[in-house]
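Got some structures for you, see below.
In the two complexes that follow, chain A is the common piece, with chain B as its partner first and chain C second.
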Partner chain A sequence: MNRSSSETLNRLLLCLAGALVLALMWGPQEGNFGNYWFAIKESLFGPRVLVFLALGVLAFLAMTFWPRVVPFLTRPGVWPMVAGALTVVASQTLMHWADQVGDAKFGTVASAAANTNGLAPLASAFFGGLCWAMLVIVVLLLAAGIVSGLRNFGWAAAVLSVVSAVIAYVSHSAVVDFVGGVDHSLGVYVCIVGYLVLLTAGLVVAMSHAQVANTRRAVNQALGWRPGLPLVLIGAVLGAISLATSTWFSPANRNATLADTRNLFRGTGLAPIAVQYLAWLGWTIFAISLVLSGVASYRRIRPLGWAGAALGAIGVLLTVLTLYRISSIGADLHVDSADGPWQNLGAGGWMTCAALFLIGAGGYVAATAPRHSERTVEVDSDAVASGRSASGAFLTAPGAVRSGLMVAIAVALFYPPTANGFWQSVLVSEIGIYVLLAVGLNVVVGWAGLLDLGFIAFYAIGSYTTAYLVGSLPVKPPSWLEMSPLLAIPFAVVICLLAGLALGAPTLRLRGDYLAIVTLGFGEIIRIVAVNADGVTNGSQGPQSQVPHPVINLGPVKITWGLNQLQYWYLLLVFVLVVVLAFRRLENSRIGRSWAAIREDEVAAQATGINTFRVKLLAFAIGASTSGVAGVFFASQIGFFTPDNFLLNNSILVVAYVVFGGMGSLPGAIAGAALLTWLPEFLKDQVPAADRQMWIGAVVLLMMIFRPGGLIPARRRAVELSGFDQRQRLEPVAVPAGEGL
Partner chain B sequence: MNYLILGITRGSMYALIALGYTLVYGVLQLINFAHSEVFMSGAFGSYAIVHLLVGDGKATPSWAVPFILIAGILSGAITAAVIAWLLERVAYRPLRRRGAPKLAFLISAIGASFFLSQLAGKLFGRLTSNSFPEFFDQNAVIFRPFGAEVRVLQIVIVASAVLMMIFLDRLVSVTKLGRSIRAISEDAPTAALMGIDIDKTISRTFIIGGLLGGAAGFLFGLNFSFGNTMGFIPGVKAFAAAVLGGIGNIRGAMIGGLLLGIVENLVPLVNIDTKWTDVVAFVVLVLVLMFRPTGILGERLGRAA
Partner chain C sequence: MSEGLLQVQDIEVRYGAIRALKGVSFEVYEGEVVALLGANGAGKTTTQKTVSGMLQPAIGQILFDGERIDGIPAHKLISMGICHVPEGRRVFPRMTVHENLEMGAFRFKRPDAQLLEHVLELFPRLRERIKQHAGTLSGGEQQMLAIGRALMGKPRLLLLDEPSMGLAPLIVKQIFDIVREINSSGVTVLIVEQNAAQALALANRGYVLETGEIVLTGTGRELLADDRVRAAYLGEEIAAVS
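Right, the complex of A and B next:
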């Protein structure tokens, strides 16, 4: 057997094995030892295994013929096709389609529609399989057009996409009308967006190559040369939708848009500013700031950019104020049993906030972009036609990073209020806190290169310090020391700092893996002490009385936390922001560079005059104190906690977040922690809850195999990984397989 | 004295697992975090065979017991070796090819570890304390040195552990494979230049580690109980034992494992409540590392950079 065919065979076996593993992963649960092989039999010895094997064969074919597929991938229209198809598939598998039907998922709605008589025939057909048929036909048409280069396929696909979008919308409305009631689901809208992307793909396929090249060039020039314009565009779309059609006020059984809200509160003593806002001010501010920022970024006029930014900021404040007024007066008048300030607000107001914020941010980016870009974006028409530079010009455009950051901030600020209670609590107690922890650990693991497997210990120390200071532990603090949780932050920071020094001083002389086991031991010791020292920590029960929520009481300003999760979210956001800003300064400071030097080569670092011990100790202490702050948050937000919140598993998970996101990169650590804490909650609805860890393990494993640098690799690491000249590293790959011994 | 015997029993199991960590560390300078799941798979694999052979174990003739024990050890060892081999192929080799940073290996191993333990739970149930059918009187006292009681099971465990360790020691010091392993742990690029097939040797090292770990899984399951999350704590302990003896050093792992097992079981003797056992174990570890920063025997096998 020659070499290439044995490779092919290997690949086939690999794909089939992967398919079998997937079959096992999707297989039934099994609970008892009486029938030991039940799950394996059920998953592997039934007709269902054929589906998985077919998938495996498909994967094998795709891998084998990949070199022949690649030339087609760079043809215009491929990426919109893939993105559009994935969007439609996502909307038809994951999203809610009608809130009144069961769990509102597409599948549930579809089976309900199948069992319902009297539904419009088009809707029955759509939910009965037409949805998938349309998608498949559109994609096949597009693929045929791309492969053959015949434009008519593109036109056909474009027309069919529009038809499909209309059918989807009509069917959805039919179902909603049929069931009656209020519907907040987004599935159909996402589906329509997916079809619009497919429409774009169709149009691109239908155009000639020269036309595509020219269009791309125009788009690239419009967006690439005009910092902030993408932000302004997103803001414009978002703002128009939210002001025109979205729900602003939604107590029970009511979905009031902006105009409805205005009518609802006419003559009820709503504050004049809010009345004006609802009547005309909202639209006007939106329009003026849009024009200002748009012109500023299009013509690159700085003063206009600042003006747009200022107006956007004012608009956000006014919108928030109006939302507050609406909700409180709604509660006063008991409109449809509205609850209170900040309650019962629909997504519309917050979307408007996000839109105004983005428009303002666009103006800001335009105003602060470098006047003469160092990098001239040259649009080579060949490259454009083949699609190579399509995203390149985008990402290297001036202000691109800042724009991305602004979008992230807009999401962080204005998404949480529109989420439901469950996701809000996930945002705070999982995502927010673990992001803070990951950012802290990033200093230790990512920058200084010290493997710390006991990081959660400092988190525990922070929590217990808080519990002590507020008097929730059996050991009471002296009465003059009892305080509110927020004031405990400096104490927790100091104590964690000291704990970090106490752990670090004797152990930091150890080399990497020894340090790992010692920190692991330290983490376990802290937890076991917390479990066993009944007199001090109340043992495995956790603190005996609830850790109170923080209160700020400064005369006129009185804020009480704990009413809902959002307050904690914004507090956390402030802290994460402060920590991230501080760490960003640190990364490129003298100390940050010393850490990098130590990480790369400790001996060399010492030789250049770095006091390695002291610098490592500093990294340890800084990481520990960040963790302590997270601990204070955790304790006061959750109220009751037990030593089981500080298991070794959590320490390992935080390390996984940091490395998954990209070691040593701050955005990476944040993204990694956010993604991996979000994933289990997301999977809760998709797979049996007990299997979540299995899927997460698989995701982490695949990520490390295909992208060892992590989600967003640090710039320094990226260079290390790929090398300046793509040279292979001299690690154990020196001898090709099969040629040794 | 009883405690000492318990300690030796537990310690020999730790030592078997620790050998897996130390072998892999020797050739790759990496902690194989998924080794605890290799150990776990040994218990599950051997259960399948033992259950097949003896049913519920009540009617097992006594002449068959040694054969069943051997079958159990072998089946556990082979299952675990297959898992370890797959692990190397899936979670380590692709990363080595890409020259990934060291921590990426750690995380891919952690991912694999979650995956394996949960997959086993999904397939075979998530009870934490399954036990093997009792096919012989495990607690019969064989003899009583100095008033202590030595039970059949303890003898089985210690004897098989010692046999395997002797076998491993010979394997590493005498055979060609052993020489390749040592060569790679000294200096991988040079070993490659000397004509050693690095990939193959690393693969085989994982297999050897898996064999030992799987046997330990069977013995552990026989002595205590087993379940899909059984690997974690013994895994951490064995890792500690490997570090205690000097990671990368094979004899060190044996000594470290025994020492850790004995220390853990001697805790009640010195008037410390058993709930502090783990604390004492880790404190001993830290103290040893303070005075001998590279473990008791040092890193003779690995490089001491």
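Right, the complex of A and C next:
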């Protein structure tokens, strides 16, 4: 047997072995006492294993014929096609489609829909197999277009994607209307997003000028064509759907649309502005702002952009006001036992808010986009040559980053009210808090380059400081000092700052691994003290009495937080916003630059006149105090906590979030923390509980292999990881022979 | 003789129990180039690190412009005008050339634009690469950047630690030419070198260190002519001496 064929054989065996491992991962993990081999038998000796073996063979074929596949992979449209198809598949396998039906997953809903008479025929067809057929046809059309280079395939795929998205939406609505009740499921929206990505793929295939180009550039060109227009378009679709068909008010499964709501409250003493809004004002504002922002972005007229932005903002305020009015008057009139202000609202109102916000944001982006981008979409030459932008960023088109930011803000502001209780509490007590912690740790780990494995200790100190100041610990503060939790923030910040200094001053002379070990010890010390100092901390039980919920009482303005998670979410958003804005300034300040220098080379930093010790200490203290703020929030939101909330595990998780998101990048830290805290909760419904960590581990591993700079790499790190491989290649080219340097 | 700009008096530096410098004394006068020569482990770099404030002498004192500076940390010495180009270049690899130069002017609120222009004239190479990341530069360019960065701090005394390390002879020559130019613009230079021939050709005076002590001193010319120096550092036959 010669060498290459034995290599091929090895590869085949490896692929098959990998397939079997995947089959084991997928199958049940628990054995039982009667039958130790249960899990393995289930996984490996059922018919399902054939699917995995087929996957293994496919992987083998792909690897073996890789060189022949590669030229096609660089063609425009390939990556959006893959991403879109995977999104649609994920939405139609993993996600919820109707909360009222069984376990709400697509499969359950689909089989229920197929067995129900009287459902709209389109919906029956969709759930009866049309969904998969459409996806396959779209993907085949795209693939044909990419391989053959015929643009018409691209157009056809684009059109069919839109049709499919509409069919999915209509079918989903039909099912929800049929069963009634409140629905928080996201499956159909993810499916629509997937089809929109496929639409992008279709357009890229149809419109790209080069046979071989990369998607990134095509996408950037599309985004940079008219800055702000994508936002306006999303807003238009969202607004039209929400104003026309979505549920605005739904006490006791009533599911009233905008028009129904108007009829419901006709002549009931609803505030005039809300009456007008429901009757015509809502649609009018939507239409006018749409026209303003649309024209502004298309014709690049700045004043119009600002006008669109202003009108969008006014529209959002009016919508929110209207929502408040209808929900409170609904409660006053006992319409189907409505609960009170802000309760029983459907997704429609919030979607309209998001739509108006995005339209306004489109106007804003159009108004602020750089002027001279009309003919030259900025793609620097390096980026074209290497297929990646010099800064490592994906979005280089003017206004694209800002557009992305606006979408993120819209989601952060207007998605939570439409989510169900479970996701609201996940948003607050997992995602929000860990985002704040990750942003704080990013200063220490990402910017100053100090590995801190005891970060959660400062969080604990913040929580216990709050508990002390509100009088929940065995040790009471003097009565004049007892205060409401929000007032504890400055104290917690100061105390965490001091704790950071106290830990940092003796240990920051250590470097790298040693520092990590010491901070790890510090984290454990704090926790063990909290467990054992019964007289001070009430030991392992945590504070004796509940830490009260926050209250803001400024005379006329009085806000009380209670058990509603949404309130906490918006409070957290304010915290995160303040911290992020402050840190952004910090990053570009003298201190930020000295952190960068220290991370790069400590000796050189010293040689340029940076007081390295003090600057490192500052990073430590700033990170610690951010963590303290999170601690205050945590204590007063949850009310009761124990030292077990501050395990070493949590410290390590926060480090993992920062690394996963991209060390030293603020958006990265936020995205990393959000994604990695969301994922376990999402997987709760999807995989057996025992397997959850394994899947998360797989995601982290894949991420670190294929995108080592993190989700959104920092500018400098991206260079470290991409530019430096090119150095060897560049150098001989850059230095002409014989010139000496 | 007037007082030296830098006076090092009987300093002794210890790494734990090891005495790296055993009472070293020397002087550098305003406007001079002084070379510290010696084999590996002789204490050249230790001497220079002590002068720049990164190490503290156990015994002895250092005077700069008549003031005692031993015990003052490195980052403060820079505002007195002592700029150090550490061994092995040590540019910030993930910052651009421009950012590196700006970091050199860290002690000022904002970098001096004229000075930047001057440095870029001194090193035309750096101007060509101004937006490139320092880590992608060649060794010679990195050395130039390190020197340029130190110049951005407006030094009165420039400490150069082995600027010729790992560089091709032609580039070494260029670097030394530039050091001569810097010196002629009024900056005093204390240079540590193993490349004795080049350093002595440049230096007004030189000191030879051996295992933590100064064993020989003289003008550059004298030392170049000295048989012991020739034997030890220029690799010539020692036979003629004994």
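Following the convention adopted for this analysis, the second predicted complex is superposed on the first by the 534 of 741 C-alpha atoms of A that agree within 3 Å, B and C clash if a C-alpha of one lies under 4 Å from a C-alpha of the other, contacts with A are read in each partner's own complex, and residues count from 1 in each chain.
We adopt the following convention: contacts are C-beta pairs under 8 Å (C-beta built on N, C-alpha and C of every residue); 3 or more make two chains touch, one makes a residue touch a chain.
Note that the structure is a prediction, hence the values are computed from the model and not measured.
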> In the superposed arrangement, which partner chain does A:604 touch: chain B (first), chain C (second), both, or neither?
Replying inline: second
> Which holds for A:70: it touches chain B only (first), chain C only (second), both, or neither?
Replying inline: neither
> Of the two partner chains, chain B (first) and chain C (second), which one does A:528 touch, if any: first, second, both, or neither?
Replying inline: first
> Touch check for A:506: first (chain B), second (chain C), both, or neither?
Replying inline: first
> Just chain B (first), just chain C (second), both, or neither: which does A:25 touch?
Replying inline: first
> Touch check for A:593: first (chain B), second (chain C), both, or neither?
Replying inline: second
> Comparing chain C with chain B, which touches more residues belonging to chain A?
Replying inline: B
> Of all the chain A residues, which ones make contact with chain B and with chain C?
Replying inline: 717, 720, 730-731, 735, 740-741
> In their shared complex, at which residues does chain A touch chain B?
Replying inline: 24-25, 27, 29-33, 36-37, 39-40, 445, 451, 506-507, 509-514, 516-518, 520-522, 524-525, 528-529, 531-532, 648-649, 652, 655-656, 659-660, 663, 690-691, 693-694, 696-706, 708-710, 717, 720-721, 728-735, 737-741
>> Quick check: in the complex, which residue numbers of chain A touch chain C?
In response: 590, 593-594, 596-597, 600-601, 603-612, 716-717, 719-720, 723-724, 726-727, 730-731, 735, 740-741
> Which of the residues in chain C come into contact with chain A in the complex?
Replying inline: 52, 54, 73-75, 78-79, 83-86, 90-95, 102-104, 106-107, 125, 133, 135-136, 138, 140-141, 146, 149-150, 153, 168, 170-171, 174
>> Which stretch or stretches of chain B touch chain A in the complex?
In response: 25, 28, 31, 47-48, 51, 90-91, 94-108, 110-119, 121-127, 130, 180, 184, 188-189, 192-193, 195-202, 232, 236, 239-240, 243, 247, 273, 275-276, 278-279, 282-283, 285-286, 289-290, 293-295, 305
